[in-house]
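In the two assemblies presented below, subunit A is common to both, partnered first by subunit B and then by subunit C.
Moving on, here comes the complex of A and B:
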């Protein structure tokens, strides 16, 4: 059963990635203007021979489909091409930046999970109480405020007012250690965590309210078990399946979602590179990073689906 | 139960913030504290005597370019962190396109053959002096002795010869080689180099100010590792590449063997290291400076200049160095696109363009000067006559011209008499630019005679529309936001942009093969072309001034473009930092680009 699910998911995954790669390629292709113009400064455009030389070097005169299949063929062998603008291999650019983006996404997911579980569980436990209402207001606000605005607010508060944390820059763990790294990661990942935190807290609250009304919870209470024990052992565990699914999906989504936050905090992640690639009309970089992000998202989705089947006997039976 | 949960949540926040706040402190390591800890070697420079260079005519709202050098006791040591508006796409001078942020990095690592002075003339740098033959087709430069690259190799005349083949095919340099008409570089001896041109150019040294042609690089190392040179460039500059972490930070460290000294013989540079941080968001970049995350920042946005001024008024401990050079914003008309081929329409649209309101929308009131020509009032080439001739704001006069056109049976757009004209007005999607074109759109639309189609495309698309596609490069734009001019010699931009825009036009005027895709207006005037050619056939300033004045007068008459304001740029720095502006050239004169590009080889912390 599980093997069949994996096989079906794999076929879907390949079809999705093929569609993503083709759409990305065609969309970038449809952008007006000549990629050569992005490579050369205006003063270099007077030299037509130079323009033609570069065009030939990059094989831009080949038909669209020829270029697409060449790119896909190379990509399947791990070669995503070279940036037209910087000459850097796209795979190197991704390799350099993915630790930053992954760390931000991971920290944001972790924060969202660690905070959402107690907030959601306690809100459900005290449904309609002060804490529940306060958290309802907080989650509404967190969902309403765009991440970049929260980021700007955090910079104002923690950098300009208190001067506790730097507003920009990224300390790599490998260069400067974990604490220095956290110092640069905490604000952007907090800004990034707000929306998932709110969603997760609401989701857990809703699930828990339902669970707390189950007969076995009433039975546990009747036995005189402590509230904390009932919440953690009897109520939270049945709700964890939904939470795990959502956390995993959010992790995939956040990798693409860091784009704006990375720009606000000037962080050297995939999002920053993608944005600058778009501004510079760096065709290979746009295609490569988009394909990579799509791959991560689709693979994580597929893994969650498989995990779901593995964890829930009811779905397996279906 | 309730308090337990609250404790857990509060503890998590507290631990996270404390851990973060107590972590490594590299981000502020470039502060003045570091500088003061290593000022055991102290040198005094007297060359940088207080001097204010004034030229041109003062105008209302003029923001003088800061060129005065404060007399301070210079110190060795310290680190500097600069917030730049973007990452450099590459650091190979001959290959990579380079704008203001990139030039800041390139200027730290590379030296150019000559340097622009604040008054727009050319001063010495790697070359001590130069001369030309009578017809300006051969230029001989004498070079400084004892200069070495960061890898220990000597810089000689042969270096410049070896660079030339790479420059001829370099993505960035090839166009400049063509524009300069440079055909050969010859090493006369170790310290003498001769540049041979295919045609006269009296302002040829101005091309050597530009990094694609003028920056000295090690051609052998560049050939051996063409791609790698972008990440590990080897120049003769004051700083050597230490770490290049793209989109995060680029660190350069002091070159202990730098060839240049201050006027007291103290070896430059003073700083131990410089860190460049790309911070694209304008607000975050300013906040980073105000919080001490960085020590300096550059901006090309008038809104940021206004915010920085406001922060300073509120007590921020920063110094603002504002620059306003020749670069001027505005827009251009595509003469291939009726009705913009008719001078009545172009003049009418321009006269209805309220410059002051546009500058206000751009956030430049009191910061940016209204433009009337390619030269700012501080430029030696500025002309009052042109300023008076420029079709300034007169709504009714402009409306009258449009009325004449739409009621002309011979109108060029093929529409019926009395029918509205249609104009596409396009700017990149920058908020201030959008605000500015909304002002123009409202003025034009309110006549009831103009259907304005406002469009916004990203920068590259915007450029692409103006440039068009090979082989004709005609462009499909209408009224199109643009910028022109620089503080370099006028010939470096004007001759290129006012050459024939198609091979057919060139042939029609007997100028076979002389063609440029960067004549974005698609406007060609054989007299203007002749004046521009004449201006590079003489080095007499009065003659050149008169010729460029004639060119500007013709632009004021035919109006292929409109102006908003001259581009104000700014370096905002920690008030303990000095020496980043008004730097001293080897001959004691002051250098400067008129742009927010600091020269870091003379920067120092004052405490």
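Moving on, here comes the complex of A and C:
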């Protein structure tokens, strides 16, 4: 059963990836006018010999589909072309920037997951109580505040008012060690974690309110087990399946979501490279990074689908 | 007409207090957005309608001012009145959100109901196409499009948002169509030989609209956040035209002295999104109760 799910999901994944890459390619290629106008910076367009050389190099005179397949073929081998603004290969830029983005997304997912469990569980345990109502207010607010605004607010509060943490910049783990790294990572990942935290807390609360009404919870109570034990052992376990899949889905979404937060905190991640590429009209860079982020997103989502089936024996047996 | 007003009045009284406040805030924003453009009709600026006014020559800029009688919410780094700019900026958020909602309800609703009711190859093909668009993280696709097509005015931004918004509406409309289409009253209409298109437009679409509209409110909140984000990055409507997002961006330069120029647009943005979420949630619950009784 699991094998079949994986097979079906793989076929769908390949089809989606094909379509996603085609769309990314065509977005740029179907611009009106000569693609060379989009690829080269305006100041390079006076040099006709150079234009001809690049046109040859990219084989721009081939039909669109031929060039698409060449682009995808190269991409599969890790070659996304190079920026004609900075001369940097796109794949190098991605390799250089991805650790920051991954760390932010990972930390945010972790924070959102770890904090949401006690919040959601306790809200469900005292449904309608003070804590529950306060948390419902908090989740509504957290879901409504845009991430970049939360980021700016954190900078204002923790850097300018309290002077606890640096507002911008990034310490690499390899250079400065874990603690210095976390100092620069904690604010941006907290800003990033707000919305998923709210979603998770709501989800766990709703799920656990249902579970707490089950007979086996009643019988555990009748046996005289402590509330906390029932909450964590009997009620949280069945809820954890949905939770894990949602957490994993968020990880995929956050890799795209870091774009703005990285800009707010001026971090050397993939997002800032995409944005600076946009400001510089660096088409090859935009195309490459968009394809990369979309691919990660699609692959993670597909893996989560499979994970869900693998984790839940009830679905597996069907 | 009067019965519609009375029904709305009754629904309003049944709302919890926070939802009432949220609705009033939304009406205020809509009013503010319209008011900020009234000079186009009157041919002259009304109070609070001059977001570009700079009461100084170059080199004479005064520092950011706090709230005062003359400038209720203070002034920004270029001595422009914050409140005028906020009202002016609400137009951008309103137009973008309204475009997405109208496109979503009209095109998304119709397409979703059509493919959900007729099924077959058209359905498979449509849904597969939409899945590709939904496969992108929304902000990244938007960034790539805005970057490549160099669109930076309100019409283009609203159109890009509107078109990209359609897929989720199609999905939701299709899902609710599938459940409505299996109901007895649809079978009855089919049995007496009503034309399929008549069933689609008279039975199915009116029945999926309330749920779709409730989603539209929540979606509008999301759209306002994304537009604000794009504006903050300088990739939406361009300065000097004020938007909530680009006001926040401009305010960042002076964050060391004062947070007010960021605080106000941030507050407007957040309150609007909270309000849309609250009203949307409330409507969603009401619709769920109603459709379970259907």
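General observations
The definition used in the following text is that the second predicted complex is superposed on the first by the 281 of 318 C-alpha atoms of A that agree within 3 Å, B and C clash if a C-alpha of one lies under 4 Å from a C-alpha of the other, contacts with A are read in each partner's own complex, and residues count from 1 in each chain.
Here, a residue touches a chain if its C-beta (ideal position, glycine included) is under 8 Å from a C-beta of that chain, and two chains touch if they have at least 3 such contacts.
Just so you know, these numbers come straight off a predicted model, no measurement behind them.
Here subunit B and subunit C are compared by how many residues of subunit A each touches, and B touches more. Shared-chain residue A:228: touches subunit B; no touch with subunit C. In the superposition on chain A, contact of A:160 is made with both subunit B and subunit C.
In the superposed model, A:143 lies in contact with subunit C only, and not with subunit B.
In the superposed model, A:274 lies in contact with subunit C only, and not with subunit B. In the superposition on chain A, A:152 makes contact with both subunit B and subunit C. In the superposition on chain A, A:71 contacts neither subunit B nor subunit C.
In the superposition on chain A, A:180 contacts subunit B only, with no contact to subunit C. Of the two partner chains placed by the overlay, neither subunit B nor subunit C lies in contact with A:247.
Once the two complexes are laid over each other on the shared chain, residue contacts for A:25 go to neither subunit B nor subunit C.
Common to the subunit B and subunit C interfaces on subunit A are residues 31, 38, 152, 155-156, 160, 263, 275, 278-279, 281. Against subunit C, in their complex, subunit A makes its touches with residues 16, 19-20, 23-24, 27-28, 31, 38, 140-141, 143-149, 152-153, 155-156, 160, 253, 255-257, 259-260, 263, 274-275, 277-279, 281, 283, 286-287, 290, 293-294, 297-298, 301.
Subunit A contributes residues 31-34, 37-48, 50-51, 53-54, 85-88, 93, 96-97, 111, 114-115, 118-119, 122, 126, 131, 152, 155-156, 159-160, 163-172, 176-186, 227-228, 263-269, 272-273, 275-276, 278-281 to its touches with subunit B in the complex. Those residues of subunit C lying in contact with subunit A across their complex are 131-133, 135-141, 143-150, 221, 225, 228-229, 232-235, 248, 252, 255-256, 259, 262, 266, 269-270, 273-274, 277-278.
Those residues of subunit B lying in contact with subunit A across their complex are 1-2, 4-5, 8-9, 12, 16-17, 19-28, 83, 86-87, 89-90, 96-98, 169, 171-179, 212, 226-227, 230, 245-249, 277-281, 283-285, 287-288, 290-294, 457-461, 463-465, 467, 469-471, 473, 496, 516-518.
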